[in-house]
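Heads up: the structure comes next, in structure tokens.
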Amino acid sequence: MLTAAIIAILVTMILALVRAFLGPSEYDRMLAANSFGTKTVLLIALGGHALSWHSYLDVALLYAMVNFVGTIAVMRFFENRKQDGKEGSGGAS
Amino acid sequence: MSLLDHLPILVVITPLMTAPLCVLVDRPRAAWGIALAAAWLSFGAAIVLALTVATSGTLTYQLGGWPPPWGIEYRIDTLASYVLLIVTAMAALVMLFAKESVPREIPEQSIARFYACLMLAFAGLAGIVATGDAFNVFVFLEISSLASYALISMGRDRRALNAAFQYLVMGTIGATFILIGIGFLYMMTGTLNMLDLATRLPDVSDTRTVRAGFAFLTVGIGLKLAMFPLHLWLPNAYAYAPSAVTAFLAATATKVAVYVMLRFMLGVFGADFSLGDMPLDLILMGLGLIGIIMASLIAVFQDDIKRMFAYSSVAQIGYMLLGIGLASATGVGAAILHIFNHALMKGALFLALGAVAYRIGAVTLDQFAGLGKRMPWTMAAIAIGGLSLIGVPPTAGFVSKWYLVLGTLEQGLWPIAVLILIGSLLALVYVWRLIEAAYFGAVAADAPEVCEAPASMLVPIWILVAANIYFGINTDISVGAAMQAATMLMGNGG
Amino acid sequence: MTLVLEWTSAIFLLAGSFLCITGGVGLLRMPDFFSRVHAAGVTETLAAPLLLCGLMLQMEWSLDLVKVLMILLFVLATNPTATQAMAKATLIGGQKPLVTESESTKGDSPSNS
Amino acid sequence: MLIAIAAIRMRDLFGVVILFGVYSLLTAVLFMDLDAVDVAFTEAAVGAGVTTVLLLSSLRLTRRWEAPPRHNPFFSLLVVGVTGAALVYATLDAPLLGDPSAPVHKHVAPHYLQEAAGEVGMPNIVTAVLASYRGYDTFGETLVVFTAGLAVLLLLGFGESGESRIETSAIHDQVVLKVVVKLLIPLILLYALYVQFHGDFGAGGGFQAGVIFATGFILYDMVFGVENARAVMPAAWLPRLAALGVLIYGGVGVYSMLAGKPFLDYSALSADPVHGQHLGVLLVELGVGITVFSIVLSIFYALSGRRRQS
Amino acid sequence: MNEIAGLFNYWVVVFLMMAGFYVVISQGNLVKKLVGLGLFQASVFILYITMGNLSGGRAPIVTEGVFIYSNPLPHVLILTAIVVGVATTAVGLALIVRIHEAYGSVEEDEIHALDMADDDTRLQEGAGQEESSE
């Protein structure tokens, strides 16, 4: 049963990756990266239990934190760019 | 364990511990004082170390108290003490020189941190020379490189930033290649201690992994060494860095890389494997020769004197590689000797250029017109340094060229001896260009009235020039130690 | 007793993974950014706790169990806020949501690029 | 792997940075699978976390779009091909993945595995080797971090030049985010301390703890603005703190030297050697943690403090 | 088949290394060069870790009932190397910010062009009269 869940998570991660590649605007990429991150946290948690890694939960908790900080950094990156006007081709890449 | 036993670690630790102190103190004069004290202290320690090694043979020092293959170990043999002597001597002299030249080129509030970075670069280089553990070489290489990227980027010209970035990219690629090489060696032998590696390598040395490891190490060290095709970062880095930094790096950084090449190629892999089976001797000889000719040619056409001497440094390294490539005791001895002499020459020249830059600001050829009359002492130092570069008899340069030619003739390779002489002639051309402008050129009408460089700068310059001449005449110390180290390296492979 | 545990964790895991996949597919197929945010939100705030609970049921009582609980709480705290913050930042960032599917597609191209 | 290809092809620098974060995250998962717990921990904390944040803050200062490459890629493909061939050539004789007969497992490693528990008395052998057997490497490593911090300070200063710019940014008026972050930061800092002192038993240690501690502050700085962050942790303190960390580490070494043992030999720290090792490792990890924390935070201050001049 | 499976890991590492190396050499943008450098270094770490892995071994943390451990030494080396990698990237980024402020661009070719332009202006000035120190 655990493996079924792991496979499901892997499929979702690939879907998120596809969205990251395609993503018309960079907001989509940000969203895809965030959801990819949370899926990885789940993957580490479930995988760690299934394959009996050692202290895998610390890594999972850490990555949940890092993913959250990363998303905040990305958002901060966007809003600063807004102030000094759009340069380059702006929104859609 | 008396103080004497702690010597190997003291040489490295004193500058390492003063760097944070300089940052804590954060006042320019006090930071300079601490840095100077540390440099001279480790120079003293290096002298005592060299003497003890000369009398009682190789010194070992187990860090953390763990025996070698498990813990990290410092091994100081004749070669290490020889190069350590040069590195610490240059650091001490550059610190003396920096008293005047740094406040002029570095903004006031970052001088204390500049000295901390200089101390870290010096400690990194000393750490590489002293260590006997392969991975420790990589760590200390990284410390000295990071510190030198920061130092180079402090130059006034905006191109110093770009030069520092190029050096960073190339340096990191070189360091990663060395890491790959060490990884392959570790993969096949399971140990990281150099002596242990030397004993365990012969029975795995025919596998492809060790050969590839050997190739990666050569390329990585070659990049750090500014071997001819891989030297692109050196001229910009030395030309745009602050003068005190150029003097220090030119005299020590590439020399330590030559030491690492010797330590790995002859110490770890053993002379018969690296020079015998693998075509290393042909590569080194070929690249060395091309390096000498090409770099000297480019140097002749340079307008900025610092770049000219940077290219001549690449040529001089070509001589060292040529020495190693000869694959004979005299050849390697000549290379080690040239490490010593070249550090003296380049140190004197770049310090003198620093003095000129201190007074006039820019160091281009037209600035040199009539300098002989306006700054007699500095110009005399540059002249003697230039002569030593060419290899005129009374100077140290002549001695190392003499042994190089001796090494080539010993093996009957007279065409190479001819090429060495051509290299010296090219050196004569670009040095003469300088001397002719300085002594016989007319002083430009509205050139600013310039007086001699301050005493605190002239003293280190003239100490180096005196050393240049002294080691030209009385060669038993420099040549004796070099030959002893060479026979030891070539003999039992370290 | 263990059989009940087995079954409940199996159900949790199944539900969690099903939601996960639907969320992932939703992320791909949704036409406009804000509907994608909704789809991603679903997986993060619902599928994750379900899966983690399923995991917790399978583990025996130990320090690890407490850690999984910690992760669950942390994820529950951060994910909704992250999604909300992203949606708000995008709104400020000038992306207009696709108001009504039917009319606007006939008229000009959707406001956002 | 395909992430690497995407990173090459993609011209939008922002996308590259995001993909690089994902790439180092996947590397961390791969390390987990290869039983390298500590390394996965560090790679996730440092690789995915700090590098992405630093790249983003520096990307903010420079241009986001990349000019199309002009010169043809032939030469670089050639060089890459040659090095690639040398690498593959090297791997042909390499011992297979995970086979116990490989020399790596026979020579030095077994000693660590058996004796470490006895001599250093720590279940986590990686921390034991890191801090005491090869303690000097870690000392060098702390100095590398110190040099990097110094270099960034020399180059960028602290960005005090930034006048207190009124930031009408999307983040600052997000009340929900502020409340949640206010709740989370104590938890993050607590977790960092747990990682710091848990190094002996599970995955953890000085570096990871320092980075997590700094991430907590960076989060505070991003959400509540630079001014309040500087009020909490003034920029001038950081280099002194970093210097203090390095001095702690060096101090332990010098102390053991004065006590007549070689440099960094912790058994000199107290009567019974194993207890000395424990104490030494703890102190050393503390020194590392302080240095890494202050350096990462000062780099972030330097990068985030600067206004876009050009 | 075992031969291929055993060495597969190394070939993945080689591919990643070459991808990183290619980016560093061919791409003109400085930020991208740094990312390529990071890619290159990360793959070296994977090489080290795959070396130290033991089939059936557990993580090198002593727990009772487990006897085969994978080799802790590569893990220690990689911990050092990761930190060195991040330190280099941080210094590189600081340099890029300064270069952007000095040159106004981070493209290698544009910087080169600006330098060339500098040289020409200096030549004319130099030729004209004794120019003051720059």
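In order of appearance the chains are A, B, C, D and E, and numbering begins at 1 in each one.
Going forward, a residue touches a chain if its C-beta (ideal position, glycine included) is under 8 Å from a C-beta of that chain, and two chains touch if they have at least 3 such contacts.
Being a predicted model, the structure only gives us computed values, none of them experimental.
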Exercise. Both chain A and chain E are touched by which chains?
Worked result: D
Exercise. Just by CA atoms, which chain is the most central one?
Worked result: E
Exercise. Where centres are the averaged C-alpha coordinates, which chain has the largest centre distance to chain B?
Worked result: C
Seminar exercise, completed: Highest contact count belongs to chain pair D-E
For this session: Between chain C and chain E, tell me the centre distance in angstrom, where each centre is the average of that chain's C-alpha atoms.
Result: 35
Exercise. When the C-alpha atoms of chain A and chain C are each averaged to a single point, how far apart are the two points in Å?
Worked result: 12
Problem set entry | Distance between chain centroids, defined by C-alpha means - chain B, chain E (Å) | 25
Seminar exercise, completed: Chain centres from averaged Cα atoms put chain C and chain D apart, in whole Å, by 30
For this session: Quick one: which residues in chain C touch 2 or more of the other chains?
Result: 74, 78, 85, 89, 92-93
Seminar exercise, completed: Residue numbers in chain D touching two or more further chains are 35, 37, 59, 63, 87, 91-92, 94-95, 102, 104-105, 108-109, 112, 134, 137, 140-141, 144, 147-148, 151, 155, 170-171, 177, 184, 202-203
Exercise. Got the chain E residues that touch at least 2 other chains?
Worked result: 21, 51, 58-59, 61, 63, 73-74, 77, 80, 84, 87-88, 91, 95-96, 98
Seminar exercise, completed: Within their complex, chain E touches chain B through residues 21, 24, 30, 33, 37, 40-41, 44, 47-48, 51, 73-74, 77, 80-81, 84, 87-88, 91-92, 95-96, 98-99, 102-103, 111, 115, 118, 126, 130, 132-134
Problem set entry | Contact set on chain D toward chain C in their complex | 170-171, 174, 176-177, 180, 183-184, 187
Exercise. So in the complex, which bits of chain D are touching chain B?
Worked result: 86-87, 89-95, 102-109, 111-112, 132-137, 140-141, 143-144, 146-148, 150-151, 153-155, 157, 239-240, 242-244, 246-247, 250, 253-254, 257, 260-267
For this session: Report the residues of chain D in contact with chain A in the complex, numbered from low to high.
Result: 3, 6, 12, 14-15, 18-19, 21-22, 25, 28-29, 32-33, 35, 37, 40-41, 44-45, 48-49, 52-53, 56-57, 59-60, 63-65, 167-171, 177, 181, 184, 188, 191, 195, 202-204, 208, 212, 215, 218-219, 222-223, 308
Problem set entry | Residues of chain A defined as touching chain C within the complex | 1-2, 4-5, 7-9, 11-13, 15-16, 18-19, 24-25, 27-28, 30-32, 34-35, 38-39, 41-42, 45-46, 49, 57-58, 60-61, 64-65, 67-68, 71-72, 75, 78-79, 82, 91-92
